[in-house]
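Chain naming follows the written order as A, B, C and D, and within any one chain the residues start at number 1.
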C-alpha cells in the first residue's frame, strides 16, 4: 500500500471535513489545511522520488500499488509515479493551493464551492497517479464534471452558456477517449492471453497497425479537446471568461494539462506506430494553433479572453512538442505544461483580483493601475514576462527545450513548423506588452480607481506561491528537466522502437 | 370433422382474421370496437394454435391448452379495458379514441 | 415447493393483504402501509436465502441461481417503489385504495417473476399478461384525473395489441417447431422464413414492454399520465423484467439465429437511443422527460445483449440493477415534489437547490448516474455495456451510443441547471420529508454509490450469467 | 595558470544587489538603495580591473597569442545528448575589454545618477533595475556559449525595456519602451533561429569550439544551398539579424531614437556605451565563422556602412539633442560594423577587427560623456531642444569643457581618442573597398559637422530667456564627466593592437598619415562649416535647409521609416491578420460548434409529430415497424 493513495484520500477527507464544518471560515481553513497537506505531500513525493533515483532505484515506476478491482475485466487500481507524473503532481498541488487563497472571498455557497473545487483537484491527482486506463479515465471525468457547477453557479457573464458548452465539448472529447480506451483494451493482447488496461503492459505489446490507425485519432483528438487542439479549443475562451478566478486558474493551470498528459501518456505512448504515421496532420493543426492563438489574443479586449487565447497558443505548443516525438521535445512539452500551468494560474489569479477591484475586465476601461496596486501590477508584469519566455522564468526553459528539440528533425516539414512556432514568441511579446502598457502603465483613466487597494494578504499568498514556482524553475531548471528526462527514457525507447529513428 | 381440410386453409383464414383485426384496430374510432378487433386478433391466434395442434402435431394438446388460456386471459383483459373505458366515459362523455390525445409530443 | 418460493411468498402476502383489507374499517386504511412494507421486506430478505433450484410442472416452470438473482433484483425495485409510494398513498383521495394498490402491484410482480422463470411459452405468456393487466389498472389508478384514465386506455390497448401480435408470432413458432418448451424449441429453431416472421412478431411484443423504437410510442403518454410511482415501477421493474427474459430467450431459444437477431438489435438500438434522446431534449414535464430518457436507456441495455457473451448478459443485468437505483432516485424526488407541491415541470425546479439541498443532491447524483458520470454507478454500467459491445467488434455502434450519451448528458444537465444554476423569485418551498421518503431516497443513494465501487456485485452477476459462446 | 573562478562574482554581485533591492523596494530610504547599488558596481569595477590586469599582463601567452580562458563553467540545462546550456565565464581579449568598458561606464553612471535622479520617485526602482542591467550585460559579454549569450541578451532587452519605460506615467515613454522591446524581440527571433541552425549543424553552443581553429562550423552545414547561400551562411545572417536589432542597424534601428525617452543616465549607459554595441560584440565573438562565410561578412559591412551614413544624415537635421546623440551613436556603431565587415582574420589581416573593438572602446567613453553632459544640460535648462538653448558656456563651465573634449574626440581630432580608432577603421576600409571607404570619409566629416552644430547651438550664441538661471550640476554629476573626459582624451594611446586582436596575436600598427591627414582635414572642414553656420545664430542654416528642400524634410522625418513600420504593424498585422483571426475564431470555428447543438434541437423539434398522442397512429407505427422488420429480415435471411 503506497502513500500515493493519500493523494486521493486527502481530498476526500477534506470534502467530508468541509461538509461538516459550520462557518465560512471553517470551510476555508479546512480547505487550506487539506490542500496544504497536499502541497507538503507533493514536496515529500518529489524529495523521496529524487532520493530513490539517487539511491540507484531504476524501476520505471516508483511507489506503485496494484490492487485488482474488477477481476473479469482485469481492471486494476494501479497507481504509481515516474518523473513526469511527479512533476505534474507538483504543479497541481501548487496551483490548487494558490487557488484556495485566490477564492478566499467567495461568499455565495462557499461550502459547495470548495467541495467542488477540491473534488476537481482530487480527480486531477488521481489522473496523474493512476497507471490503469480505466481509473485514469474515471478520474479524468471526475475532474471535468465539477466544472459545470463551478462555472455555472459562481461564474460571471454568459455563465450558463459557457458552462454547458465547456462541459459538453470536454465530455465529447472524453467520449472519443472512451472508445479509444476500449479499442486499446481489446487489442492489448494481440498474441492472445489476458486483456489489460495496464498502461505499462500495453506499452510493451505492439498493437496491430490497423487498430492503431483506427484508434489513434480518437485518443489524440479526445485528449486534444481538453488540450486546446485547434479547432476544438473554442470552449476555452468562453469557459475561462465566465469562470470564477480559482476555477480559471485550475482549469487553465491544471485541467488543460490533462489533455497534454493524456496525449503523451496514452495516445502517443501506447500507439506509437500510428503516432509516427499521423503526426504530420496534427502537427499542422498544432502549429496553426500556436500562431493562431497568439494572433487571436492581440485583438481581444477582455483580459480573460486574451489569456485564454494565449493559453490556446501555449497548450498547442505542448501538443506540438509531444508530436515531435523525440526526448528533448517531449521534455520540453512536460516542462511547458508545468510552466504554463503555474504562469497562467498566476495570470488568472491576478485578473480575478483586478476584476474584483475594478469590476471590469476590459483593458480599455483601465489604465495606470501600477500606481494604485503596485504589488499586483508588478506580479502581472512578471507573469507577462514569464509568458513571453523571458530567461530566468520557467517559460523560457520550456520553450527553448521544445524548439531545440523539435529542430533536431532534419526534414524540412518539421523545421518549417518549428520556425513558425518559434515566430509566435514575437507575437506573444506584442500582446503581452500591449496589455501591460494599456492596463498598468500610463495615467489612471478612471478617477474612482484612485481609491482601490493593493492585494490583501490572501491574494499575496497565492501570488507569491506561484511566482516562486515560476522563478524556481526558471533559475534552476536542471533538477526538473533531469527528473522528467529520467521518466521519459523508457517511454522514448518504446516510442522510437515503433517508428523511424530520429536524432 | 375437419379431416381432409388442408392446413393452409386455416392459416389463410387466421391471417385474414388477424389483419382484419389489425385494420379494425387502426381505423375504428370507438374504443369498444377497437377492443373487438383485438378479440379478432386473439381469435385468429387461437385458430392458428388449434389448427397446428390438430393437424400437424396431434400427439400433444399444447395448442389446445394455449387456446384455452388465451380465451381466459382475453376475457380478463377485456374486463379491465372496459372498466377503464367506463371510467373514461365518466370523465369525457364520449369514448372516441381521437379525444384521447391530451398528452402528446 | 421451495423452488417457487419467491412467487409463493408474494402470493401469500397478497392474500394476507386482501384479508386484512376486508377487516380494516374505512378511514383506517393507512394502517396497512407499515405491515405491507414489512412483509415485502421480509420477502425481499428471504429471497436472498440460497435454496433449491430446478424445474416444475414438467419444465413449464424452471429456476436457476441466475433467475433467483433476477427475481431478487426485481424484488428490490418493487420494495423501493412501495416505500416511495407511501407519501402519495397518504393523500386523501387515495386513502381508500391503499391495499388495492399494493395488491395490484404485488400481483404484477408475481407475474413478472413467473415470466422470467417460465420454462415454456405458455407460462411465459401467462406471466406476461399477469404482469401487464394489473398495471393497466394501476396506470388508471387516479380515477379523478383524466390524464390517468387516458394513460390507462393507451396502455391497455397498446399492450393488448402487442400481446396479440406476440401471440401470433408464438403460434407460428409453435406451428414450425411443434412444441412450446424452450428446451425443445431451441434446437428446432433453425430460422426458416416462417420462424423468422414468428420471431419478429415475438420480438415486437417484447420490444413493446422494453419500449424500443418504433414500439415505444405508448411509453411517454402512459408515463406522464400514470401516477408517478407507477411510472417509476413501469420504467424500472417491468422494463427490467422484460429485458431479463428477452436476454435469456435470445441467448437460449433463439441462439441459432443469433446473427439475425443481432442485426435486428443493431437497427433497433440506433433508432431507440437516438429517438429517445432527441425527444427527451425538448421535454418540459419531468415525468415525460424521464420517460424518454428511459427509452434511451433501454437502447443502452440492448448494447449488452448484442454483445452475445456471458459478459454481455452480466452487463445487462448489472446495468438494470444500476438503472433501478438511479431512476428510482430521480423518480423519488420528482414524486415527492409533485405530491407536496404539484409541480412537475422543469421550470418549476429553478433554485430548487437553495431551498431543498438534500433532494437536489439526490436528484443530481441520480441524473449523473443515468448520464454515466463517475464515480456513481451509472458510469460503470455504461462503460461495461460499451465494453460488451466493443468486445463483439461493434465499434461504430459504440461510437453512436457514446455520442448519444453526450446528448443525454446535455438534457440531464438542463435539469441540474434548473436546480442549481437558475435563481427563482418563488422557488419550491422547503419540503419536510418523512421517514419513508428518506428511506427510499437513502436506499437509492446507497445503491448508486455502492454498486459502482463494490466490484463484488458485478463479479457475482458475471459468475451466474451465461453467454452464447 | 591563474585561477579565474572568482570572476563569477562579477555576475553574482549585481544579481544579489538587484534581488535584494528589488524585494525590499521602498522599505529603506531611497539613497540607501542608491549607495548599495553604486558600491556593488564599484566592487565590480575593481574586479574587472584586476581581471584585466591578470589576463593581459600576468597570464602568459601561448605561442605569443592570448588564449581563451574558461574562468568558470557549470551546466544549466541538458537539451540533447550533445547540446547543453552552460552558464560560465569566458575570458578572452574582447570580453575582458568589454568588462572594463561596462564596469567603468556603469560605475560612472551610477555615481552620476545619484545626483541626477535625486528626488525622483522610483529612485530605488531605478537603481535596482540598473543593477539588473549590469548583471545581464556582464553575463552577455562573458558568455561561454551562444545560448548563455542569448539568455542574457534577452535579459538586457528587458532591463532596457524597464528603464526606457521608467517614467511609466508618460505615454510616450511607455510607447517607446514597448517599441524597443518588440523590435529587438523581433530581431532576437532571427538570433534564435540562427542559433537553432548553427547548433543543429555543429552540435554545440560552445564558443571555444565554434571559434576555434578547427571549428565544426567550417565543415558542416556547407552542403545545402538556399538562395545561393549555405546553411551556415544563413545561420550567420540570422545571428547578425539579432545583432543588428540590438545595435540599431538599419532597418531595425527605429527603436533607438525613441529610447531616448528614458532617463539620460540610462541613455548614456545602455543606448550609447554598452547595450547597443552588443551586436558588434556578437559579430566579433562569432568572427571566425563570419570570416569563413565571406558573403555574410560582406552584408555586415554594407549594412554597417549604410547605417552610419544614413544616421549621420538624419543627425544633421535633428533638434532634440538626445536624438542627435542617438543618431550619432547609430552612425558610430555603423562604423564599427563596417570595420568588422571589412576585416580579415589573423594578425595584420585582422586590422579591421582590432579597429572596430578599439572604436567600440573609445566610443564608449566619449559617447557616455556626451550623454552625461547632455544630461547635465537638460538638468539645468529642463529642455531637450537645442534651439531653446544657447550661451550656456558661462553657466556650465565644467560641462562645457568636458563636452567640447567629447566633441573633438568623436570628430576624430588628434590627439583625442576618437582619432586613433577611427583612423584604423578608415585604413582597414581603404584596403578593402573604396566605395565603403568613401562613405566612411563622408561620415567622418558629417560627424564633425553635426556634433559641432550641437555644440555651438547649446553653448554659444545668445542666451535664451531661461525661467531660472542655469546652474552647474552637483559634484556627483561633474566628477563622472571629468573622469570620462580624461578617458576620452587618453584612451587613444592604449596600444590596442597589442591586446585585442582577431586571433589573439599582437601586432604593430602604424598610423598611415596618407589616410589620417585627409580624415582630420575633412573633420576640420565639418567643424568649420558648423562654426560658420551656428557659432552665432544666423539665417544661413535655415536657407540651406530650405535649399535642400525635399531631401531635408525627408531626413528631418527620419526618412519616414517609422511610418512604414506603423503601417506594417497597425494596418497589416493588426487589422489584416489579427482581427480576421479573432473574428474567424468567434464566428466560424465557434459557430460550427454551436451549429451542432442548434441542428440537434431543430431535429428534435422536427420529429415531434411522430409522438402525436393518437393511439391509433402509435399502433400504426407499431404494426408497420413489425412488418418492416419482418420483410427486411425475411429478405436478408432467405438469401
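Here is the rule we use: a residue touches a chain if its C-beta (ideal position, glycine included) is under 8 Å from a C-beta of that chain, and two chains touch if they have at least 3 such contacts.
Predicted, not measured: the structure shown is a model, and the values here were computed from it.
Participant: Using the contact definition stated above, find the chains touching both chain B and chain C.
Facilitator: Chains in contact with chain B as well as chain C: D.
Participant: Which integer distance in Å separates the CA centroid of chain A from that of chain C?
Facilitator: Distance between chain centres, rounded to whole Å: 43 Å.
Participant: Express in whole angstrom the distance between the two chain centres, defined as the mean CA positions of chain A and chain B.
Facilitator: Chain A and chain B have C-alpha centres separated by 66 Å.
Participant: Using mean CA coordinates as chain centres, what's the chain C-chain D distance in Å?
Facilitator: Their C-alpha centroids are separated by 78 Å.
Participant: How big is the gap, in whole Å, between where the Cα atoms of chain B centre and where those of chain D centre?
Facilitator: Result: the chain centres lie 98 Å from each other.
Participant: For chain A, jot down the residues that touch at least 2 other chains.
Facilitator: Correct list: 168.
Participant: Which positions in chain D touch two or more other chains at once?
Facilitator: Residues 597, 608, 611, 613, 615, 619, 623 of chain D touch two or more partner chains.
Participant: I need the residues of chain C touching at least two other chains; which ones are they?
Facilitator: Residues 153-154, 157, 161, 165, 220-221, 282, 410.
Participant: What pairs of chains are touching here?
Facilitator: A-C, A-D, B-C, B-D, C-D
Participant: Residues of chain D touching chain A in their complex?
Facilitator: Contact set of chain D toward chain A: 75-80, 83, 85, 147, 150-152, 154-155, 158, 165, 168-169, 171, 174-175, 178, 181-182, 185-186, 189, 192-193, 196, 199-200, 573-574, 577-579, 581-582, 585, 589-590, 592-594, 597.
Participant: Touching residues of chain B toward chain C in the complex: what are they?
Facilitator: So the residues of chain B in touch with chain C come to 14, 18, 21, 25, 31, 34-35, 38, 41-42, 44-45, 48-49, 52-53, 56-57, 60, 62-63, 65-66, 69-70, 73, 76-77, 80-81, 83-85, 87-88, 91-92, 97, 100, 102-105.
Participant: Could you pull out which chain D residues touch chain C in their complex?
Facilitator: Its residues touching chain C are 597, 600-601, 603-605, 607-608, 610-611, 613, 615, 617-619, 621-626, 629-630, 633-634, 636-638.
Participant: Can you list the chain C residues touching chain D in their complex?
Facilitator: Going through chain C, the ones touching chain D are 153-154, 157-158, 161-162, 165, 191, 193, 196-197, 200-201, 203-204, 208, 214-215, 217-218, 220-221, 257, 260, 263-264, 267, 275, 278-279, 281-282, 407, 410.
Participant: For the complex, which residues does chain C have touching chain B?
Facilitator: Interface residues on chain C, with respect to chain B: 121-122, 125-126, 129, 133, 136-137, 140, 143, 146-147, 149-154, 156-157, 160-161, 163-165, 167-168, 170-172, 174-175, 178-180, 220-221, 224-225, 282, 288.
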